[in-house]
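Okay, so subunit A shows up in both of these, paired with subunit B first and subunit C after.
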Partner chain A sequence: MADSTKIETPARTVETVTFTINGRTATVAKGTTVLQAAHGLGITIPSFCWHPKLKPVGACRMCYVEIEKMPKLQVSCATEVTNGMVVFTESDKVKQGRRAIIEFTLLNHPLDCPTCDKGGECDLQNLTFAHGYDDSRFAFQKLRKIEAGVPSTFDDIKIGPEIVLNRNRCILCYKCVRANKEAFGEYDLGAFERGNHTEINAAPGQQVDNPFSGNLVEICPVGALTNTDWRYKIRVWLTDQKASICPFTSSGTNIQFYVERHKNRIFRTTGRRNDAIDDGWLSDVTRYGYQIIQSPDRLKTPLIKKNGKQVPATWDEALAVAAARLTEIRDKKGCVCVGGLASPSLDNASLYTFNKFMRVAMESNNVDYRTEYRRLPSSLDNPYDIAASQAFTIADIDESDVIVVIGSDLVREHPNEYLRVRKAEQFNRSKVFLLNPLSTKPSDVAALELVHKPGAEEIAISAICLAAMESGWASGVNADDLKSKTGFKKAADAAGACGLDLIEIQAVARAIAEGKKITIIAGELVTRSREREAIGAALCNLNRVFGVDGKGQMAILARHANSVGAARLGLTPDLGAGFAGALKSIWGQYPETPPQNTDAMLAAARKEELDAMILVGVNPVMIYPDREFAREALDKLDFLIACDLFETETTQLADVVLPLAGWAEYRGEYFNLEGRLQSAEPGIAPLNEARPAHQILESLAEQCGSPLFAGMDQRNAEMEKILKVDIRRPWPTGLIEVKPQPQETAPERTVALIMGDDPHHSGYLTEKAPSLVGFCGEAYAELSPELAAKLKVGAGDSVRLEAATGKIIVPVRVSEHIDNDVVFVPRNFMAAPVNSLVSRKQRVDWVKISKVSD
Partner chain B sequence: MTEILKAFVNVIIKMPQGFGVTLKYLFRKPVTVQYPKQKIPMTPRYRGRHYLERYDDGTERCVCCGLCAAACPADAIYMEPEETANGERKAKVYEINLLRCIFCGFCEEACPEEAVFLGQDYEFSADNRNSFIWTKDQMLVKHPRKENPLKRIIRRVRRVYGVPTAK
Partner chain C sequence: MILTAESIKQIKESAARYPHRKSAILPAITIAYRQVGHLNDDIYREISKIINIPQSEIAEAATFYTLFPKQPVGKYLIQVCHNISCALMGADSLVEYLEHKLAIKKGETTKDNLFTLISVECLGSCATAPMMQINQDFHENLTPAKVDKILADLKAKG
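Let's look at the complex of A and B:
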């Protein structure tokens, strides 16, 4: 974990300055502030309004230092070190200054500590104790900011679904407003009135409900901002902190749980700043997501289906039934009849145990972790997997001068990277380009936002390549070759085909060609596309044309907490000769059966060629891109084991349901999208009878008569060997043919459906977190104002979305940020299963949209 | 021979002397207190079982801040806060385990709201351990107590700082 006192040197400075502080001479980079320099030298300067990730404002004056030749005390957070400067941080004058500032800060601060939730971790409490007077000299009535007509004695107001503000306690450090603006680009909180009456409040008519709002509470130095999650629940000194990792995002945000041991309960999550990953900011999903673990809806005991009804059973019974049926199916019909799907959010040990369970105990190659994608490639050597396996460093986004986001709704998929992109623009003036089928954040900081036709990702990328070639920016690429491989003669044709202006395409091409350090991020809209291989090929060409690998980074980012681990531990059906050989040498055996991926397994199940499946933490009925297909397939199975935290559509179909422990209940290791290995401590002991996936699978294997490991050491040693296999694939040296399948047309359904995560949700479990439901509790259809006007609907109305495979009815949300030909629907809500509208065979899911008149 | 003489003297002289003492006390005012029929008054600073105070308008003083529990050397206090309808903080659960309590009075000293204090009662025997865990309801009862002089000082401080006090 990074130290909070690290000296942050502004990028691109090499000049240094030498100064003296408390008699010590030190050299620091030019542009460093006195406060940062002092912290770097281990000298603490008290402060309220300074935050390492925000620009200094000098609002609180707590960081006073004495600088020789300057008549008055100076604020160290906003004073840059200069050559020959002589600084004192502990002189009498400074101490006196600090005392006076504390006294001044306390002028209107109420004596609220007994009722204040910040008590025990409050900067004002601590600094008053360390630097303040014992007594106050001000014997007049304090100013109280009261909401008219509210009978509370505490003057608290709710300014967002999760945030409570007490303006009396606020010391006006402006950290919340600054973080909201500088780091998150949100303007739902502001400072109003003047002088003594200045107050922080939600912007008129708005709620503080942006996807990063929880951070405001965390950085508030006093108890002015508190969240309902933690409010009045427990005192901070009664909790222990447990270091963990966020399981909802792929960057592995570092978090810590505040746990009460005796109650076996987590009370909140805060950040554990890691400058390489998260800068200390958490998205609200990360912050409140822990609540699902403590949901009363968790599965409590194993269930066994008896006479068509699931009844509670003991673990022994459930495992015995499961093992007996699995062995029977494995031995009777030959081993192709068992398949398994695991969630890419599980930890390494569970994923590896799953792999070995399937391949050794079940002797089957039917293993997959990709349940939510359509038309999966079966081997790993396709252009998509080449682009997805590239090295990527989150922190390098900061320093890139050109950032291109392709097919990714960053704020919804990769909140940490989203903030990095904003930071690069804010602090580094980087140029940001967005290339998406719908307008996405951070469009407000983008130099150019290109919204192409739905299902034309690879054409847009090809257009950029062609434009570069036409302008002579692509050296060493044969023009004819490029034309034939992309299938377009001119950039203008390609631009036209994807609905973009040539001039926009040229601007992007120019920026990439001229950029010194480039980051190109591709995301879920690529991964979820049926044409992921064609888009992958276009990305390979983009790399070839601009030489991106030589001056930056480009990758299709993994989406789940341990997608990278799943790939590296071999959870795909066809591993290729090298990987399979490595596994065979470790296990002494490797199944010979034909490898089947998720699609193939479900198809086989529908044809009753697959008899049993084991699902660990996945809910295909909810996330597979064809709901009915998945449901029918699972229904036809002779035997289905589902391990999950909650009862889902999938567990309802299962013959044996096993309660799974969540990530906060056991120790686990995860690879983030950079391939960084991080471990998560358990916050609490498993609730009810839940067990970790690796434990379940090991006992199951034992009961099946083929124990997997002699002990944990063996498992870890095997994993270590497997992780030595390098699955990174180099960029191809030549151009690749971009060959998408022809697009289907559906004339009567005219709006393209794009499904994804709501900014406050991730996957199908976050619905169980009350705080997140407070932000967004039901699915909606996000429409452009024009489309809404055409359909004659407004906020409060509902629309019916229809496709060949199904229909759903959802309320409308009108948004300026969406285009006329697309509709966005979150996929996180069981009540509105949006995957019933999509088909795994289609590239773009056209839907018919109509008003529901009630 | 001398042994016999000594015994004789004891019987003749010492025994009546001893009985004399008893006889003397028989007619004096007895010092034994006829507990439980009689009770002696406690010293003003005697620390007995705990009480929780209310404001004059009847609202509970305790805001469940946890400071008494933090100060308690015996870890005898357990509490769970809750939010009232108008957003104030108060105790949902407030329990003191009187078997653990060492009656040091630290909780009383720590309390910023003047909510908890040790009264003068010492009669809380029971025949099972659970009934020694005293709950909020048991402690919020009316109590015989003179006003603590400290309270006046605290009221003044509160007035100065604008913290709401009981009307």
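Let's look at the complex of A and C:
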């Protein structure tokens, strides 16, 4: 696929040069290559090995141009434009050069286009038609690379769960190896041997299974790398492309579906490069996640519970039952008895309809979208939400000279931003600092990685503030004030309390103080913490001490595809007077009832003070940080409606189950973490009887006797008005008291449990994508070699993880990148529900760990 | 562990000499080759841990250089140049003669594990063609009589 012709000029260059190309005179920034300049002027130069996001290598020689006063043809991808340069891209000499290069490139290429999966979108095929000719002087036997002892068709070998390699087709542009190393920092693929015998292959004894491996296939200019997801299923020219966005990441990666309309089926996902967001790279979760939509396990019809058993029903029946029961409960006992949770991955229309459904049709303020966090604040007016509402621009990471990641396992939570951080280090020599309770990627490019005690985030941040103050970098902050607000007299005390060296803390403080452009990213480890408000307060102080807002950006990043939309559309229970007033003026009414958040709703349900709940795309039993608590609560409800794509532990408890359409099945709009509004086209029509959430909720409201909108126009107009409400809160001007919570000491023989997403999964649905299961199909406990040795376990053994609330048994993965006092378990697998080990009251989830003997 | 403490020490010492870590790859594989006599994936893995560079990068560098054997070879590795100058001067018959003398085919090792015979690309000694390299030494302007003497000397040395 031809790369975009966007012109990329190196940042911070103001000097320009003027040159002539094909008789046209043009001025470009100094440092621009001839190829980039030509593309910017609309002149196409063919190439195989050039990629806009990688350093040029000049491996393929296809981009030859003629430059006056230079005796030979030059590779335009690696030649910078100079003043007075005269370039020709279509002269006879150039045409002859291209033709010769094509002839050489085809030297060992098998010409098996009819059986090659790349046919129709192959750069080599296209450029041969454009620049080659129909004969070759190389009439001898082509070199064939055959894997001894591996029976395969067309000499294909599988080098990763999703990647098939055909070395004979490879033209050695090295794009895959370069992207893997330069952009992703992965070394599971290499170029081995020399000359004619050079081959791309997996590293000895390894599989190409890094979290970005799908990109390698996408950028391959020939059919050397193909993926098992797509190959031999359809020819590319039989598909239509539909522009969508990724529902698994909060940056809203731009993707496109390849769809066969008559079959109503998506065949694959590729990138739709957007330099402001994703640079064209997709994580594998983004790439293969579409498969969940076409899973045979999807709910096919609504279900109604009859005599304790869920039986299939028609939509009319299900909606009638749901509406009748909801109205009954609402009218009989008053509105506080209905609660609702919606997924922050839903589109704006669905979230807004949900909000209005709950507050207008159900007359209840029990609305929330944050199901996976414990001890939530009800309103947005707290230091955590101040830090979370700050403006953040993904592309600004590139130019930041100092990047600090606090409480975020970047590659698992924010793959796009992870790649941006790597890019900044690679191309901008940015200094990267990681401050986490466990070692995380990109530790290989970090200037310094600080691993603090679990549950000491705010103390570590305070230590940085105090260190800055002691070194005289915190101008305008009163030293005594800072000491009393942080609760520590000296940086050394705070550093000691969180288990870090003062020298390391000082190094971070110095970097932030001296940095010209700062990016500070905080993530899920902060949001998931019970003490998120204390950490938020510490971040506010960090901003105050260093004046981060004056020279960069700092934010706690949203985690879900539309977390920002959910907050802006008012899905938090307590909206405050201003926001509530705005809604009241639009709706003409606003419920007076006490607002309850997820915790409060589940607690009330448990005490039988809440009678009914409606869940849209959420699975509290799987994701709420206290599994049994959530299950008991939902079980005690008189009436539960669950809308989801699949049968889950939660839908099993429901009285009415409604099949939900996924994001790929209807048009939706989403706010990414920057607050950028993006829209996603439907790839296919909803499968089976699934319906979009907004449609379900509208029908339900109508049946309840309180229709929500006269039409789509009314809904959109209302949303427009609501989105004018500014929920951003400014950084506080003074210091805030950080109440460091007395650290719970680790009980005997326990380790701290950290749960999160596996790099190949996101949430609880990706288990339904076969490709992603191919990368990682079951939960595991990631342990340090030392801890593994202490427990006498190795790869292949299983361990039992036990807490007061439950236990799970999972296989062991030994990793050198994790510390001795923590264990990481992915939360993506239904068979090993890690949320059964956590309790809503704990700050650090201590678990007992022991070997399972056969 | 395949590498001895002495090799590991040498690798670490040489790695300390370079401003870029990657520069340490070639000295490291050379040290390993001198100790073991050939290279393989296990050796790459060990080097990778010592100088903290991904295994694939070590393997890439090592496989690029054909002068590092990747399989066990005899005590004396005979590399006959088969490029243009040597070919014109009779490299082919030189290989045939060696095959006959050693009673092995090109690419094989003698039963006593003393000799391995291979032919290689240009060794940069065209003026003295035909020629061969045995371990670190060049043997030039070869004739059957010369080859007989060289082999006899090496056999005597054992």
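What we mean here is this: the second predicted complex is superposed on the first by the 842 of 854 C-alpha atoms of A that agree within 3 Å, B and C clash if a C-alpha of one lies under 4 Å from a C-alpha of the other, contacts with A are read in each partner's own complex, and residues count from 1 in each chain.
Going forward, a residue touches a chain if its C-beta (ideal position, glycine included) is under 8 Å from a C-beta of that chain, and two chains touch if they have at least 3 such contacts.
None of these values were measured; they are calculated from a predicted model.
Novice: Regarding the shared-chain residue A:Pro730, is it in contact with subunit B (first), subunit C (second), both, or neither?
Specialist: A:Pro730 sits against neither subunit B nor subunit C.
Novice: Taking the superposition as given, does A:Pro114 touch the first partner, subunit B, the second, subunit C, both, or neither?
Specialist: Only subunit B; A:Pro114 stays clear of subunit C.
Novice: Touching A:Leu189 in the superposition: subunit B (first), subunit C (second), both, neither?
Specialist: second
Novice: In the superposed arrangement, which partner chain does A:Gly796 touch: subunit B (first), subunit C (second), both, or neither?
Specialist: It touches nothing on subunit B or subunit C.
Novice: Any idea whether subunit B or subunit C touches more of subunit A?
Specialist: If we count touched residues of subunit A for both partners, the winner is B.
Novice: Kindly classify A:Pro296 by the partners it touches after superposition: subunit B alone (first), subunit C alone (second), both, or neither?
Specialist: neither
Novice: On the A-aligned overlay, A:Pro71 touches which partner chain: subunit B = first, subunit C = second, or both, or neither?
Specialist: Neither partner.
Novice: Spell out the part of subunit B that touches subunit A in their complex, as residue ranges.
Specialist: Residue positions touching the partner: 63-67, 70, 81-83, 86-89, 112-113, 158, 160-164.
Novice: Applying the document's contact rule, which stretches of subunit C touch subunit A when the two form their complex?
Specialist: Residues 41, 44-45, 54-57, 59-60, 63-66 of subunit C touch subunit A in their complex.
Novice: Quick check: in the complex, which residue numbers of subunit A touch subunit B?
Specialist: 110-115, 119, 136, 139-142, 144, 150-154, 156, 164, 231-235, 237-238
Novice: List the residues on subunit A that touch subunit C in their complex, please.
Specialist: 187-194, 203-206
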